[in-house]
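Same chain, two partners: subunit A is paired with subunit B first, then with subunit C.
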Partner chain A sequence: MTIAKKILPYLLAVVASFVAAGIFISLMGFDVFKAYQTILFTSFRTPNGFIQTLLKFIPLTLLALAFTIPLNAGKFNIGGEGQMMAGGIGAAAMGIMFADLPAIILLPLVILGGVVAGALWGLVPAWLLYKFNINEILTTVLFNFIALFLIDYVCTGPWRDPAAGHPTTVLIGRGGWLPMLVNNPPLHSGIILAVLVAIGVYIYTSRTTGGFELIATGANPRAAGVFGINTRRMFVLSLILGGAVAGLAGAFEVAGNQHRLIEGMQSNFLQLGMIIGLISRGNNGAVPFVAFMIAVLEVGASAMQRTMMIPVEMVFIVEALILLFVLLSDVVRRK
Partner chain B sequence: MDTMIIEFLRLVLLSMVPFVLAGQGTMLGGRTGVFNVAQEGMMLVGASVGFLVSFFSGSIFLGIIVAMLSGALFGFALAYFTTSLKMNQFVIGLSLFFIGLGVSTLLPKLILGITLTPPLIPTLKSIPIPLLSQIPFIGPILFKQNILVYVSVLVSIGLWYFLFRTQKGLELRSVGEYPMTADSLGINTTKMRYWSTIIGGMLIGMAGAYLPMVYAGTFTEGMTMGRGWLAIALTFFGGWSPLPILYGSLFFSAIEVLAFRVQVIGSFLPYQILQMFPYIATILVMIFTFKRSRVPAFLGNNYDREKRSL
Partner chain C sequence: MEKKTILELKNVRKVFGQIVALDSVSFALKRGEIHGLLGGNGAGKTTLMNILYGLYRKDEGEILLRDQAVSIQGPRDAINQGIGMVHQHFLQISNFTVLENIILGTDVKNKYTMKMDQEAEKVKELCQRFGLNVNLNDMISTLTVGARQKVEILKALYRGVDILILDEPTTNLTPQEVDALFVSLRVMVNDGLSIVFITHKLREVLSVCDRITVLREGKNITTLDRKDASEEVFVRAMVGEKMDIENSIYFATEVRQTFDRTSVEAPKLKLENVNLISQDGIPRLKDVNLEVFGGEIVGIAGVAGNGQRELAEVVTGVVPVSNGKKIYLGDDVTSKTNEDLLSSGFSYIPEDRLSDGFLPKATVAQNLILGQHRIKPYSDGRFINWKTVYAETTKNIKEYNIKTNGPGDIGGNLSGGNIQRVLIARAFSMDSQVMVAHNPTRGLDIPSMDFVYQKMLARREAQLATLLISEDLDELMRISDRIAVIFRGQILGVLARDEFDKYAIGRLMSGITSENQPTEEKNLP
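Take a look at the complex of A and B:
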C-alpha cells in the first residue's frame, strides 16, 4: 500500500470531524472560519505559540506512549494520569529532600524519582492483574483517583508553599531544574529526552526480540503462549513500562516547567494521550506525529477560547470525533 | 446514638442510587455480551443534561427523562458500533467516554456561559410513605426517601424478575453466554443486544442525573468522581446479577458515606486519606471477589453470525 493510500483515511477523518464540528459552531452563532484559523495557525504565527505547542507535545507524546505500550500487549492502561502524578510526586520529593545537591547528581535523581514512582504506580495494577486476574482497566483508573488525593496531601502537607494561593509545594533545589534550550519563551531540554524515549520505544517494539514478544502477546495471546512467551509476564512488563513513561512526563512537569509540584498539573493529558494512542492505532512510530497535531489543536483551542469565547471543550470533541472517524475508516475498508 | 445510626443508614440508602442504577445498566448490557466502559462519560452527560433541563423547564421530572434519553442515545451508539459494525468494545466505549466528558462540560459553558455563581435547582424531596414511615427505626431509614431511591429498588427487583423468571429474560441471558446457540434457536441476538444496551444506557443516564438533583443542586465538572468506574467494579462484585448488585451498592455507598462522615467529624487521619478510602476499598474488595465472580461467558465480544466459529 502506498503512503498516500495509508494517509487518506486519516485526512478524511480529520476533514469529516472538522465539518461536523463546523456546522455545530456556526449554529451556535460563531464565525467558523475565524475559529478554525485560530485553531490551526496559532502554533505557527509566533515563536511563543510554537514553543507552547512543543511544551504540550512533550507530555502528550509520553502519555500516549504510556497507553500504547500496554496496548501493544493487549492491555488498556487508563492510569496514565495517576502514573504521571505519582511521577511528579517522586520527582518533587527528590528535588525537595536533596535540594542542596549539585545538578550533576540532583537532576538525574529527580528524573529517576519520577520514572520509578510512575513505574510503581503501574506495577500495583499489573501485580493485581498477575496475581488475582483483576481487570486492569478498573484498577488503573482507580489509581488515578488515589494519586489525585495523594498529590493534594503532598501539596498541602509539610512541603507546602504557604505563600501560594493554590495547593503547591516549595521549589525544588536549583540543581534539579532541567537546563533550558531556549530562554525566552522558555523551552526546557526535556523535549530532547522525550523524543529519544519515543524513538527508543519505537525501536524496542519494532526491532527487538523483547518488543516482538510484547506485540505477539497483544496480537494473539494464545499463539504467543504456545510459542513459549510468558504472556502474563508481558502484561506486567508492559504496564510497568507504561507507568515509567508517564512518570517521566510528571518529572518533566516538575523539573522543566514549574520547578515545583502543583495540584492540577495533569490537565487532561490522560484523555488526550489515549486519543492519540488510539488514532495511531497503537503504532508507536506514529505517536509523536499525532501528538504534535493534537498539541497544535490544543494550543489553538485555548487561543480560541481567549479571543472568541468558544469553550476549549469544543476542540476536545473534535479530537474525539477524529478518533471515531479513524476507527470507522477501518470498518469501511473491511467491506 | 440511635438518631446517628438512623441518619447514617438513611444516607447510605440515599447515596446508593447512582451505584444501583449505573450497576444495573452495566449489568443489563453485559448480559447480552456488550461490555460498556463509557459509564463515567454517560453519567456526566446525564448529570449535565438533567441539570440544564430541570433548570430551564423547572421540572426535575423532565430533567430525569431527558437525561435518560441522552443515556439511551449513547447506548444506541455503543450498540451500533459494536453489534452492527463489530468494532472493539473497549475502544468504542473509551471514545464514547471522551465524547461524554467533552459534551458534559461544553453544554453548560455554552448555555449558561462561564459564571462564578452557577444557578441552583431544587433538590429531590423525600416522599414519606404513609403508615410505613411511622415504623420506629426502620421507617425513617427505608420509607422516608426521595422517589429515585424507591425507583432504583423497584428497577432492581424488576430486572431480577425479568431476567430470571421470564422466557424473554432467559433468551436475553443466553445471548450473553453463547450467542451462536441462541441464534440457532431463533433468538434475534442483534435486537437483544440493542435493547439491553439502550435500556442500560437509560439507567446509567438516570444515575448521572441523580447527582446534581440530590447532592449539589448544580452541575460541576467531573462531579461523578469515578462513580461510573466504581459501577463496573460493583457489577463484577455483584456477579452480573440484579439483586447482588443491589446489596453490593449498599456496601459501596456505606464506604462513601463513612469516608465523608469521618471527614466532617474529623479524625487523626489526613482528610485526603479518607477521600482515597472508597477507591482503595474497591480494589481490596475486587481482590476477594473478582475470581469468584460469575461473568457472562461472551462478555466483551462481538458475535458475527457469518463466521464459522466464535
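Take a look at the complex of A and C:
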C-alpha cells in the first residue's frame, strides 16, 4: 500500500470531524469559517503563536509516547499525568535542594531528577504487575492521585513560595534553568531534547532487537513467550520507559517554562496524549506529527475563545471526533 | 436395486470476503449409502456440510431434501428435517453422564421427577442396534475420544435423524476404534440411514464408502462409485494435475530404508527421566526417556492431550523440567531457557499456531524472525537488519508458497493455512540442530503437506534431528524413523521403522502394553 493510500482515511477523518463540529458551531450562531481560520492559522500567523504551539508540542509528544511505548507491549499506561507530576517534583526537588550548583551540574541533575522520578512512578505499577499480576490500568490511574496529593503537599509545604497566590514552590536555582533558544517570546531548548527522545523511541521500537521484542510482546504475549521473549520483563521495561518519558515532560515544565513547581502543571496533557497515541495507532513514528497537529488545534482554540468567544471545549469536540472517525475508518476498511 | 436420492445440493456457492470457498458445487446423497466427501484442507468439504447443517448461509444454489426444496436456518432446523452432524470438536458437557448429554435439549417424559428410564431404554436400544457400546451412566470426562464420538453419534440418532454427517470422524481415534466405527456405520446404512463421511484420508474412504465425491479448491472434481475407480483416479482428483505424485512422499508406496543409528555416535538430543508436574500438582510427563539422533525423524504418536504439548514445551524450554535431565549435543541444557535454546540451534513449530506461534498484529517479516531475532543474519544482537530480513522473507514467501501481499503485510490478513506456512518457513529457514514440530501439516493441502515432508527428509539427509509430534498416525508412519507412543505422559513404547504396525501402535495409544505383538490387519466388512 502506498503512503497516500494509508494517509487517506486519516485525512477523511479530519475533514469529517471538522464538518461535523462546524454544524455545531453554526448552530450556536457563530461564523464557522472565521472560527476555523482562527483555529488553523493562529499558530502560523505570528511568531508568538508558533512558539506557543511548540511549547504545547513538547509535553504532548512526550505524554503521547509515555502512552504508546507501553501500548506497543500491550499495556495501558493511564498514568502519564502522575508520572509527569512526579517528574516535576523530582526536577524541582533537585533544583531547590542544590540551587547553588553551577549550571553544568545542576541542569543535568534537574532533568535527571525528573526522568528518574517519572520512571519510579512507572516502576511501582510495573512491579505490582510483575509480582502480583495487578492490572496496570488500575494502578497507573491510582498513582495519578498519589502524585496529585504529593504535588499539593510539596507546593504548600516547606518549599512553598509565600508570595504567590497559587500553590507553588520557590524558584529553582538559576543553574537549573533550561537555556533559551528564543528569548522573546520565550522558547526553551527542551524542544531539541524532546525531538531527540521521539527519534530515539522510534529507532528503538522499529530498528532494535529489544524494540522488536517489545512489539512482539504487544502483538501476542503468549507466542512471544514461547519463542524466548521474557514478556513480563518487557511489560516492566515498557512502563518504566513510559514513566521516564512522562517524567521528562514534567522536568521541562519546571526547568523550561515555570522555573518552579506549580500545582496544575499537568493540564489535560494525559487525555490529549492518549488521543494522540490512539490516533497514531501506537506508531511512534507518527506521534510527533499528530502531536504537532493537536498542538496547532489547542493554540488555535484558545485564540478562538479570546477573539470570538467560542468556548475552547469546541476544539475538544473536534479532537474527539477525529479520534472517533479514525477508529471508525478502521471498521469501515475491514468491511 | 437402484437407490433413491434422498438429498441433493445443487450449484451451491459460498464466498468469504474475497475467497470463493465453494464454486457451484453439487452433491447428491442416496438412501442407504456411505458417501465419502474427499479433499485436502481448504477444499470446501466442511463448508459445504456446514451449509447443509444450517451453520452457514449459502450465497447461491438450492438444497433438495426428499425432492423438495428446503431452506435450513440453523442446526435445530436441520435436525428437525432429519439431518444430524458430528463435528470434529465435540460439544459435550464433561461433568454430565452419557445419558444426560444425549437427551440434553430434548423433551423428557417425566419433566418433574427427571426419571429417565424410558429415554434410557430408547438409547440402550440404539446402542445395541448399531453396536455403539457405551455405558450410559459414565461421566463424559472419564471417556476416551472414541467413546465420546459414539455419544455424539447417539445424540444424532436419538433425535431421529436419517442423514448423518461425520466431519473427519477418525481424527484422534486409534486404528482399533476406527475399525469399530466403520462397522457401526455399515450397520446404520443397512438400517436405512444415509451417511456423509468427510475426510482427507483416501484409504478410509476407499475402505468404507460406497460412493465418493472429490472436492478441490471449492469445486466439484468428480463423483464415482467405489467399485468403478482405482486409487490413482482419486489421488489425481484430490491433488490436481500440477503435483508430481511419482516423487511425492504423501503417496509413496515403496519402503524406505530404516535409519541406521550405528553410524552416529551420540544423539543430538537426549531426555533422561524427564518429569513435568503442572502448577496444580498434576504430573504431566512421567520418566520420559527419549533420544533423537542426527539424521533421524522421531515421531511421537498418541491421542491428543496425553502430554504431547507438554513434551514439546519441555524440549524447547518453554516450560522448565520438574525433574530429570535434558542433554543437547552432549551438554546438560536442563536449566536453559527457550531464549538460549532457540539461539543455540532449536526450532519449534507449536501446535496451536494462533495462540503460541503467531503475531497477528505484526508483519509477515516480523513473524518470520520471531525467536531468531537475536541471531545472525537477522540481527547483530542490538539492531535488526531489516534489509536482510525483508530479502529473506521475500525469498521464503516464494519458496513456502505463502499467499500474502508481501513482507510488510499484516499477519492477521493471512488465512489459517498461510499462517501455518509462515510457521513452517520460520522453523525450516534455519538449519536448526533439533526441530520440534507439533502437528506441522495441520491445515495444509496435500501438495503443501508433501512439501513439508520433503523438507523434513532433507533435514534427515543433512544429519539434523527432528522430533515430529503428530495426531495423524499415517503421517507418522509415512515419515518417521522411529515412533514413540505417549500415553498419559508416559512413553509406553518405541518402535523402529521395520516394526511399524498401526494396530500395535493403536494398542499402545490406548494404554495397553501387554502382548505387544503385531497383529494381522483385520478385514473390514
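Couple of notes before you dig in:
To be clear about the criterion, the second predicted complex is superposed on the first by the 335 of 335 C-alpha atoms of A that agree within 3 Å, B and C clash if a C-alpha of one lies under 4 Å from a C-alpha of the other, contacts with A are read in each partner's own complex, and residues count from 1 in each chain.
The working rule: contacts are C-beta pairs under 8 Å (C-beta built on N, C-alpha and C of every residue); 3 or more make two chains touch, one makes a residue touch a chain.
Everything quoted here is computed from the prediction, not taken from an experiment.
Upon superposition of the two complexes on subunit A, no clash is found between subunit B and subunit C, which fit side by side. An angle of 70 degrees, to the nearest 10, separates subunit B from subunit C at the C-alpha centre of subunit A in the overlay.
Judged by the touch definition given at the top, the superposed model places A:Met314 against subunit B, while subunit C stays out of reach. By the touch criterion defined above, A:Val32 reaches neither subunit B nor subunit C. When both complexes are overlaid on chain A, the residue A:Ala16 reaches neither subunit B nor subunit C. In the superposition on chain A, A:Leu138 contacts subunit B only, with no contact to subunit C. Of the two partner chains, subunit C is the only one that A:Ile215 touches; subunit B does not reach it.
Legend: residue contacts after superposition of the two complexes on their common chain; A:Gln271 is shown touching subunit B, with no touch to subunit C. In the superposition on chain A, contact of A:Met97 is made with neither subunit B nor subunit C.
Ranking subunit B and subunit C by residues of subunit A touched puts B first.
Our summary of the superposed model lists a minimum C-alpha distance of 8 Å between subunit B and subunit C.
No residue of subunit A lies at the contact with subunit B in one complex and also at the contact with subunit C in the other. Residues 207-210, 212-213, 215-216, 218-220, 222-230 of subunit A touch subunit C in their complex. Subunit B makes touch with subunit A in their complex at residues 37, 81, 85-87, 90-92, 94-95, 98-99, 101-103, 105-106, 109-110, 114, 225-226, 229-230, 232-233, 236, 270, 272-273, 275-276, 279-280, 282-283, 286-287, 290-291.
Residues 313, 316-318, 337-343, 348, 350, 355-362, 366, 369-371, 373-374, 379, 381-384, 386, 411 of subunit C are the ones that touch subunit A when the two sit in their complex. Against subunit B, the residues of subunit A that register as touching in their complex are 28, 76, 78, 128, 132-135, 137-139, 141-146, 149-150, 152-153, 156-157, 271, 274-275, 278, 311, 313-314, 316-317, 319-321, 323-324, 327-328, 330-331.
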